[in-house]
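Here is the structure we will look at, set down as structure tokens.
Order as written gives the chain letters A, B and C; numbering starts at 1 within each chain.
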Amino acid sequence: MRWLRRNLIGIIAILVLVYLFIPIAVVIALSFNNPSGKFNTSWNEFSLDAWKNICGVPGVCSSFVTSIQIGLVSTLIATLLGSMIAFGLVRYRFRGRGTTNLLIFLPMATPEVVMGASLLALFLNLRFPLGMGTVMVAHIMFIISFVVVTVKARLQGMDPRLEEAARDLYASPRATFRYVTFPLVLPGIIGAALLGFSLSFDDFIISFFNAGTLVTFPIFIWGAAQRGIPVQVNALATLVFVVALLIVLGAQFVGNRRRKALEAPVPEPILVDRLSRS
Amino acid sequence: MVAVVPTSAAAQPASVMAQRRGRTGYLLLFPGMAWLAVFFAIPFVTLFLTSLQKPIPGKPGKYTSGLQFSNYADALVEYWPQFLRSFVYAGIATLLALVIAYPLAYFIAFRAGRWRGLMLVLVIAPSFASFLLRTYAWKTILADEGVITSTLNSLHLLPDGRILNTGIAVVAGLTYNFLPFMILPLYAALERVDPRLIEAAGDLYASPQTAFRKVTWPLSMPGVVAGTLLTFIPAAGDYINAELLGSTKDRMIGNVIQTNFIEFRDYPTASALSIVLMAAILVLVFTYIRRAGTEDLV
Amino acid sequence: MADGSRPVEDLHLRNLSKKFGDVAAVDDLTLTIPAGSFFALLGASGCGKTTTLRMVAGLEDPTGGTISIGDKDITGLRAFERPVNTVFQSYALFPHLDIFENVAFGLRRRKVKDVSAQVEQMLALVELGPMARRKPAQLSGGQQQRVAVARALINRPDVLLLDEPLGALDLKLRRQMQIELKRIQVEVGTTFVHVTHDQEEAMTMADTVAVMNSGRIEQLGHPADIYELPRTVFVANFLGQSNLIQGAPAGHSGDDVLVSAFGETFAVPAARSFAVGTDVIVGVRPEKMTILDLVDEHRVPEAHNRVHGRVTDVSYTGVSTQYLVMTPWDQELIVFEQNVVVGDRCEVGDEVVVHWSTQHTFGLDGSAGTSVGVDPEVLALEAAAQALIADAPES
């Protein structure tokens, strides 16, 4: 009883984590399923067919590639634009700071359906042809805010003395940026880009409004849901999940090893006698 | 007289990075902000103008610019149940998410020790699998012949005898899908709470429950505010859960906007509904932030 | 750079001021720091010492005045153009670069050839050779501190600025580093300008100390001279401890100025009195005083100043004993007595006489009261203690 009270919160925490993974387990399990009917929703028998022939259903792999293309281009542009904004916001004085902050905050507080609808309204009014271009435009728009917030936090968390130290050590403003500021902010920028890519790759609602006849991976799944999602989709999703998890766990492992190295203190040598000898 | 106590904290110089003036700042901001202005702010104007358009007689699906404010009244009269349902479902899902997320966030912040990093990875990991597929997976989990439904049925807890294609399934899906948005801000806020404060409360005669109520909970308030907003906003606008897990009786406002825009091509109605949804959410967000007293969300 | 070919030159600050809005952080400061000296700017936080340092480094633009090294005016030069380097508070080591690259940073920016020989030599000097490929976070506080010194010194600056360089170290390591820094300074002969709020640190290390208050220099000189003869109430209180008694001028007696306070008369040598007006403060350092039981009053030498009182507190600190003595006018005096005699100490409640040589007495301008320069927190603590005593129920 006492043990239970002491560990209750830990037990709940683990149960919540398990809960988070139940649907993932279902998605993965169903990638090894040989469904009895059209709909791959209940277990029938084990099969590796989908894994062996992952592009076996028309449209699956092409939509997958489309999503990756959109994700890469949108992330690249949004990361560049967003990082520039973050630098401007933190390092420069300018008029209209309130409006600027609002314009960055609002996209994160707007439901996707409203963003998708408003962009579509614009494109329709301009008679702009829908397709990969419009989807990229939309993705860049909603990724920018996340990049700004992430990079800004990194910049603000940086010790201003580091840049002063660089200036003190004969680094011109350009050299200070190149050798100190940029390398220190880079992890933040990479993090923002990874987040941006995952948002873009998984986005359905905004893409659906602005895709026209273009089929991204989520749009393919949505369309297939009516007539039964092919097992290959589960296989691809499992693949993405595993690769992403490995990347993040790898980063975690590297971080841990670095921290371990810090925990082993180095003996404090006595400086004084060395000085008197030299 | 002066005490000879060595001052431990050294004086902090006023060396906050000075902000520079000049053109470079504007040049850095311009491209990105222009993008946001053209593809976020201006679309709202077009959305608003579209919401006032009137149909061209004899040409279904074609509209001309006008000042048809009655579009709003018509849309609200027809779709107020879906509006109400969206806010109720999103509200319940947000509360459930808060209750589920808090113990986990608390555990990661205070008890996880060296497992902290791994547990955080596990919290975001589900997002790596497709949102649509995860939602679809709940169809399997909550299926009529599944373990959960039959167990609850044998206890006579389900009014309709099933979960799938009911509001319960939609709320369950919303709760699940936006849970990480609740856990992460809660964790971020709790992580900043010095555990010694909780010990100090205990030292000052507070029971664990009182210590939580008077110390931990108030200090985690910024996380609670951010988390509830980050959960509520997308949940209120979502239509994937309602579409995949609910029946036509459980449709939310997102479904209505989507079908009116894309299937019926009733652009004015869909636009009017979008504007109302956005306005409602903004009003909610700003009153909530003001009442909760945290304004540094950005 | 100060290499062998060019002699080290004096650093001159002329009418230097810095305003932040309406607040003058540094107020018309004129100061010459002799070449090759170890100079300490001592003051409480917010006194303008760090701002002064940052202006010399080029990290802050002065509102007025000039900074020059020898004849060369450097006021208009930017930080990276000045032959001045800084050891930053909490070191500001670049966390993404290893120790070697941190130390090499300045040389590389100046496109110096053969960096590694110089860096290795410098790392050897600070005994960190084996750590060259470690990241700053893997080093202890003391090691990081030495990297910061090495990183600045390798550039052979005309002036090395140290901004609270030991503030982040624990007490024991701080004492050790004080000695080491002093040795390095003697060895390289560079002018060191050291900013600190720790009076003991300033006195141990520097050959000249400037006590700063509200953007101005209160007193400047050799540490012993300032301690023995403070010229203002602020210095008397900020640098060490002082017993200060408020009084009024009462004529002369030979070479002494007489001051009367609370019915007593004190003699201050004219050369040690800096009072000008009608308010005079008589001061003496606690360790210059001797405490005697009242029955032994006949043993007080004729030429000494004396005060009667009652012992209210005795703290034995090993080397010395600290007494608090309450005067008839309800002022608590602090007295340090070396523990040279075993036993025979005064106890709480004893009626005593406290006396000291007139040669150890100093006279100060008393128009601003006796508590200028006392840490406000100490004043608050004393007030709180008084209140507690007053509120205590009678037992």
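One rule holds in what follows: contacts are C-beta pairs under 8 Å (C-beta built on N, C-alpha and C of every residue); 3 or more make two chains touch, one makes a residue touch a chain.
Treat the numbers as computed from the prediction; the structure is a model and nothing was measured.
Peer 1: Which pairing of chains accounts for the highest number of C-beta contacts?
Peer 2: A-B
Peer 1: Which one of the chains is farthest from subunit A, going by Cα centres?
Peer 2: When every chain centre is compared against subunit A, the largest gap points to C.
Peer 1: Using CA atom averages as chain centres, what separation in Å is found between subunit A and subunit C?
Peer 2: About 53 Å, centre to centre.
Peer 1: Can you check how far apart subunit A and subunit B are, centre to centre, with Cα atoms defining each centre and the answer in Å?
Peer 2: About 17 Å separates the centre of subunit A from that of subunit B.
Peer 1: Indicate the whole-number Å distance between the mean C-alpha point of subunit B and the mean C-alpha point of subunit C.
Peer 2: 56
Peer 1: Among the residues of subunit C, which ones contact at least 2 other chains?
Peer 2: Within subunit C, residues 59, 89 contact more than one other chain.
Peer 1: Return the residues of subunit A touching two or more other chains; collapse runs of consecutive numbers into ranges.
Peer 2: Residues 161, 164 of subunit A each touch two or more of the other chains.
Peer 1: Using the touch definition from the top, which residues of subunit B touch two or more other chains?
Peer 2: 15
Peer 1: Of all residues in subunit B, which touch subunit A in the complex?
Peer 2: Residues 15-17, 19-22, 24-29, 31-33, 35-37, 39-44, 46-47, 49-50, 100-101, 103-104, 106-108, 111, 114, 117-119, 121-141, 143, 145, 176, 179-180, 229, 233-234, 236-240, 244, 254, 257-258, 261-262, 267, 270-271, 274, 277-278, 281-282, 285, 297-298 of subunit B touch subunit A in their complex.
Peer 1: Give every residue of subunit A touching subunit C within the complex, in rising order.
Peer 2: Residue list for subunit A touching subunit C: 159, 161-162, 164-172, 175-176, 179-180, 183-184, 261-262, 265-266, 268-272, 274-276, 278.
Peer 1: Considering only the defined contacts, which subunit A positions touch subunit B in the complex?
Peer 2: Touching subunit B from subunit A are residues 9-10, 12-13, 16-17, 19-24, 26-27, 30, 41-42, 81-82, 84-85, 87-94, 100-101, 103-107, 109-115, 117-122, 124-125, 137-138, 140-141, 144-145, 148-149, 160-161, 163-164, 198, 202, 204-205, 208-209, 217-218, 221-222, 225, 229, 233-234, 237-238, 240-241, 244-245, 248-249, 252, 255-256.
Peer 1: If you look only at subunit C, which of its residues touch subunit A in the complex?
Peer 2: 57-59, 78-81, 84-86, 88-90, 92-96, 105-106, 109-110, 124-128, 131, 134, 137-140, 142-143, 146, 151-152, 155, 176, 179-180, 183-184, 187
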